[in-house]
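The structure's right below; bear with me while I get my questions together.
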Amino acid sequence: MDINFSEAELAFRDEVRAFLKEAWSGELAEKAKQPGSYKEVQVGWERKLNEKGWAAPLWPVEYGGAGWTPTQSYIYESERAAVGAPDVSPFGLKMVGPVIYSFGNDEQKQRFLPRILNADDWWCQGYSEPGAGSDLASLKCKAERDGDHYVINGAKIWTTYAQHADWMFCLVRTDSDCKPQQGISFILIDMNSPGITVRPIVTIDSEHHLNEVIFDEVRVPVENLIGEENKGWTYAKSLLAHERTAIAGVADSKRHLSELKKLAAAEVNGGRAMIDDPAFRQRISDIEIELMALEYTELRVLASMSKGNGPGVESSLLKLKGTEIQQSIQELKLDLAGHFGAVVQDGITAEELGHGYGDAARRGFMFSRAATIYGGSDEVQKNITAKFVLGL
Amino acid sequence: MNFDFSEEQQMLKDSVARFVQDEYDFEARNKVVANESGYSQENWQKFAELGWLSIPFAEALGGFGGGATDTMVVMEELGKGLVAEPFAASVLMFGGLLQASAQNDERDALIGGVIDGSIQGAVAYAEAQSRFELQDVLCRAEADGEGYRLNGEKSLVLNAMSADKIIVSARVSGEQNDEQGIALFLVDAKVEGISKTALRTMDAQLVANLKLDNVAATALCGAGEGLGLLKQMRQQVIVALSAEALGIMEKLNATTLEYCKTRKQFGVAIGSFQALQHRMVDTFMAYEQCKSLLYRTVCSIEQGEDNNDIEKNVLALKVMVGKAGKLIGGEAIQLHGGMGMTDELDVGHYVRRLLTINAAFGDADYQQQRFAEVSLAS
Amino acid sequence: MDINFSEAELAFRDEVRAFLKEAWSGELAEKAKQPGSYKEVQVGWERKLNEKGWAAPLWPVEYGGAGWTPTQSYIYESERAAVGAPDVSPFGLKMVGPVIYSFGNDEQKQRFLPRILNADDWWCQGYSEPGAGSDLASLKCKAERDGDHYVINGAKIWTTYAQHADWMFCLVRTDSDCKPQQGISFILIDMNSPGITVRPIVTIDSEHHLNEVIFDEVRVPVENLIGEENKGWTYAKSLLAHERTAIAGVADSKRHLSELKKLAAAEVNGGRAMIDDPAFRQRISDIEIELMALEYTELRVLASMSKGNGPGVESSLLKLKGTEIQQSIQELKLDLAGHFGAVVQDGITAEELGHGYGDAARRGFMFSRAATIYGGSDEVQKNITAKFVLGL
Amino acid sequence: MNFDFSEEQQMLKDSVARFVQDEYDFEARNKVVANESGYSQENWQKFAELGWLSIPFAEALGGFGGGATDTMVVMEELGKGLVAEPFAASVLMFGGLLQASAQNDERDALIGGVIDGSIQGAVAYAEAQSRFELQDVLCRAEADGEGYRLNGEKSLVLNAMSADKIIVSARVSGEQNDEQGIALFLVDAKVEGISKTALRTMDAQLVANLKLDNVAATALCGAGEGLGLLKQMRQQVIVALSAEALGIMEKLNATTLEYCKTRKQFGVAIGSFQALQHRMVDTFMAYEQCKSLLYRTVCSIEQGEDNNDIEKNVLALKVMVGKAGKLIGGEAIQLHGGMGMTDELDVGHYVRRLLTINAAFGDADYQQQRFAEVSLAS
């Protein structure tokens, strides 16, 4: 048992720290505090990463990856979260990028990969459809061949940040006369194509993250098809194996927990700081203990992967426990804010309001409910764990 | 022994239920809250005509002379409809404090105005730093002739933007958190020196922060009585809000159950999955237990039990409603899946109201510690 | 809404109190504190009840019942538990008695009912069989007619206090060529019959409550059959409707909770009484709040029954919540006892040991685990509630 | 970074596992604990021969020079077999305290005896009133020539009935609960003035209450050092007991899983019921999280991290193991149904050992409050 980093790893950590200190500072870090700055900050940040060669460190080096080991990836992730720098937007760099370099043709690779690395295009994901939920194989959005084009009709839902997107990677049905998982193709759609309507879906945090995207006779050139027709399901599934380690969100939760402690030291009830309130102490320590454990669960998975093994049985709990912890932190923060947790702080400064984080706590709490629904709901995760880990 | 409502109570319940059913579906409700004032003046007049605004007031004051049960049945039904009109803020809090304060002609006239719907009121008891402590008051009152002048700030005052009159807690003497030295004052909402910052809360209510700069006010009670009156109001309003929460929980459970029976995934209704069934049994039990505790509390008030016993019931109720609300709200969103995350569905709106009720007048954690003090001392 | 008792009910309560004060005192109450006194105390207590006419108050008056209303029954139960007097042993008075007066013939009624009322016979229940669990319909214990006798072969398990029993009421298979629920008969077996072996089953509290009862060519006179052959399942099911209200154990839990508070006031850690320990206070108030609610849930059920209605949807949670509360109280008591919760206080006085209730806490905790298993496990209760109350 | 065991550690692990597998099935274990001494002397000699008793001792003392990882792998495997031999009491507690106290010939000889299995030891730290506080000591020591005389009582001393020597905490000065004034003393288990009352605990261990009536003793440390040494011992033993608990939890989860796969009800394996599946996922996760926290703690000790960080890990571990033990133990009984209630099955025995471990050196509630102090102060 040895959790020390090697000399080389320590040197890498220093490099990461130096980079973050320089890159996540000044204008960009300031801008991130402003509402509505999400896309601008993400693009700015991803370009800085790309400049350093770290936009997609786990891609193969030939396509612009950095050749990081899992441990390096863990080090970067820990340091990034510790300073509060954002994760990259996953759709281009973590999702469609790997599909393109794995299954795309040379032309597609040359056309899309550099632009993904440099955040020149904003990507969104077209998997879920209205009424289909977790049951992807039932998808109905149809692509029919018409000369050099596919003609797309149908709709996608829960499409994160489609309102910002230049491109969508999309699963479409190209054959209806076969088993449901077959007959699906993986296609790239220019979001500026005529016939696309993006309908905002406001979520319970009162924000606009999600959309329904409706396709009405949208023409997509056949060269935008990835791999073979009707094999899209295979390509999509291969994605799931990527990027398992960051799923627990341990590094971000650590930062949130440490911020929560600071807030609790300043929040006072009847002359006593909330950090000295017994009920608060119990709840925060419940979370902290689980998080201390989960950090090592993640390290155990990582250690296994570093040796070239699969992620192991422990990995199935990374999302379940990780999201439980994320939600618990958000809930405690909301409760900590007291009455101010209810306030929609619309254009009013914290000073005018008399409180600093209630609005963020509310938004964070409400949106955190999605963590156990999207990306395979808790129920689905438990079914999978029962079946594949416990053999039930 | 029985838990039946009287004929009068049943009629009252039916009348509120009918209003919600016929005139306050989710769409109508969304239009109402989109109003500048956050509610519909037309609805308010209807409430007055139907006599609902008179419920807690003594017959001698022109009221219905209702008890805790009457308020409960109204609030429970209002909860089911997520009714935004400021019944709790104006009738129960403002009206309740007026009724509890010393009799005089102005007071009686104001209560009359509350009853007939012509007067809207608000109670400004919280301050930015006060969190859940009623005695954490920095706002100061100084005598000025027959009246007083108020200086300070008040936070998140319910219904303040529509109120004609506002009751303000302010300190005549003592330091922050002293239990003594707090009195209640009546101020005109449009009087010189008041400035208001309007804010929306997540349950679509309109609240306001107040700045009071030498505002003219009349005292409603002596400096030894303000805190006691506020505590009494808190006790009554907690019971009322708990009844509202019970209505919301019933609605959420019913909506979720219905969804699970109809929503299909992988070819079967998701309500056929045993793990979900057991969780719905848990939310069902949480609801029934809240209902029992609400009945216990209301009965103890109606029968005039010892105030220590009433307080213990009220605190237990607030704790259980807070926790059950989180459980039921959380499961409602989770079991609705992606749909549960959308603002288009009513589920999230009900959940946000439950969360607001949890924080109102002290959340579950806070009240559980107070409960333990009362319970373990006895 | 009116939770006041009527004049008559208040007078009844006074009568109950006076009775308990006299009957549950002196020798009998003292004896109850001694280990191994269970049967003797039960029999003594039930005879006192019978003298008063209260051994089976809910039986029809013609068979010796007291004609109590549900409210009277509730009043008695509350007062009984408050003074710590025992409930009656259920097998005779609450289980086989109602079956005999409902389905037995006159001879059987005359022979058994007076002896049940006076605790002259100790009864045990023969339903479960090895390997069958909650699935009663699969029972295999066989009764074959041979002249004026049935010959019984097979085994019953989890038989509470069979070691004390004079009689067993038993479900046996009299016909194997029909649907599983049919072909079952309800028969009374003299436990002194040749061919019966009672094998003790020690439970995890290290006590002997349970047994396996093995029948090897046991001859039972046909006059011991209740009702018709092959209809036993119907008779057994009708039992389930009896005695729903006491199932929550609210009155007993209230006494246990109040005792727990007293113990916590005396148990000291580092100079601070445990009743002032924040974690303890939180746990005890969690339980107390649930119990305050459950008391009214029970009253709501009772009020419904007082009007001649069925027990209503609330009743399905009486066992689930009631047993949860019972177990939580036992767990807290075990934890309160600290190291002494582990001690098997075998013949040593509390004074010699240095602690008063650790042994009782351990036994209580361990045996309380059965509360969510026997009499329809939690899982079965939830399935039933989901199906019949929620309509799932 | 890796969580692999060294070749030596893997051999150690395999050797304990093999012993449990070949010679310590449930039946054999029941015979061992039915012994008058509560364990088998024969097994103890085997442990000595296999070198297990030497693990925590420095090589200079004839030991294996093992670290926290070595102790962990042994305890985890002993846990799986519910091994009753007094490894923790005699080797880790008694031996550990000896090793931490000042070097002298007698001490070295005693450690040698522990290693070769000829000496059994015990540590008497608790008193009837002390609950979880090591400094709550009433037992008094008075100087008598070169030695001391002890008077007082000690409670529930592990392995006291078999011990040749007992280390006793006693007060040289100060009042009950004073942190200062506590020293550790070595007494001969058969010396005049000691009387013992033997007791069984629910995990089948033999413990004893001690009365000390002017018992001759030698000091192992100064009065300023006793509490520190006890705390250090507590830290080490908590980690060891947590490893034992982890082994037990693994065993319980595996037994329950196997039972659910094979046990049929209503015609299907009960493991096919989704509600049970999800609960088994919960117990699986609880186990894995305990394992992670144990690894974290052991690593922090092995790498010589700051003691504050180690203490924080140890406290977190104790809390999580206590709670997970209750969850896993409770589900194991519940899912085994009626069978789970019987003493014939091993499940209840494992559960009782987990409960005993939870109470040992402060239960989850107690340690969580200490954890919060350490964590929220930093």
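Going in written order, the chains are labelled A, B, C and D, and every chain counts its residues from 1.
One rule holds in what follows: contacts are C-beta pairs under 8 Å (C-beta built on N, C-alpha and C of every residue); 3 or more make two chains touch, one makes a residue touch a chain.
For clarity, every value in this text was computed on a predicted model and none was experimentally measured.
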| item | value |
| --- | --- |
| Chain whose Cα centroid lies at the greatest distance from that of subunit C | A |
| Mean-CA-position distance for subunit C and subunit B (Å) | 44 |
| Centre-of-Cα separation between subunit C and subunit A, whole angstrom | 54 |
| Gap in Å, rounded to a whole number, between the CA centres of subunit D and subunit B | 53 |
| Subunit B: positions in contact with at least two other chains | 273-275, 277-278, 368-369 |
| Residues of subunit C whose C-beta touches two or more other chains | 278-279, 281-282, 379, 382 |
| Pairwise touch network: line, ring, star, complete, or other | complete |
| Of subunit D, residues touching subunit A in the complex | 1-5, 69, 257, 260-261, 271-272, 274, 277-278, 280-281, 284-285, 288-293, 295-296, 298-299, 302-303, 313, 316, 319-320, 368-369, 371-372, 375-376 |
| Subunit D-facing residues of subunit C, complex | 128, 133-135, 157-158, 201-204, 206, 210, 267-271, 277-280, 283, 331, 334-335, 338-346, 348, 352-355, 362, 366, 369-370, 372-374, 377-379, 382 |
| Residue numbers on subunit A that touch subunit C, as the complex places them | 278-279, 281-282 |
| Subunit B to subunit A touching residues, read off their complex | 126-129, 131-133, 135-136, 153, 155-156, 176-177, 197, 199-203, 207, 209, 263, 265-266, 273, 275-276, 326, 330, 333-334, 337-338, 340-344, 348, 351-352, 355-356, 358-360, 363, 365-366, 368-369 |
| Complex contact set, residues of subunit A against subunit D | 1-5, 9, 71, 261, 275, 281-282, 284-286, 288-290, 292-297, 299-300, 302-303, 306-307, 313-314, 317, 320-321, 379, 382-383, 385-386, 389-392 |
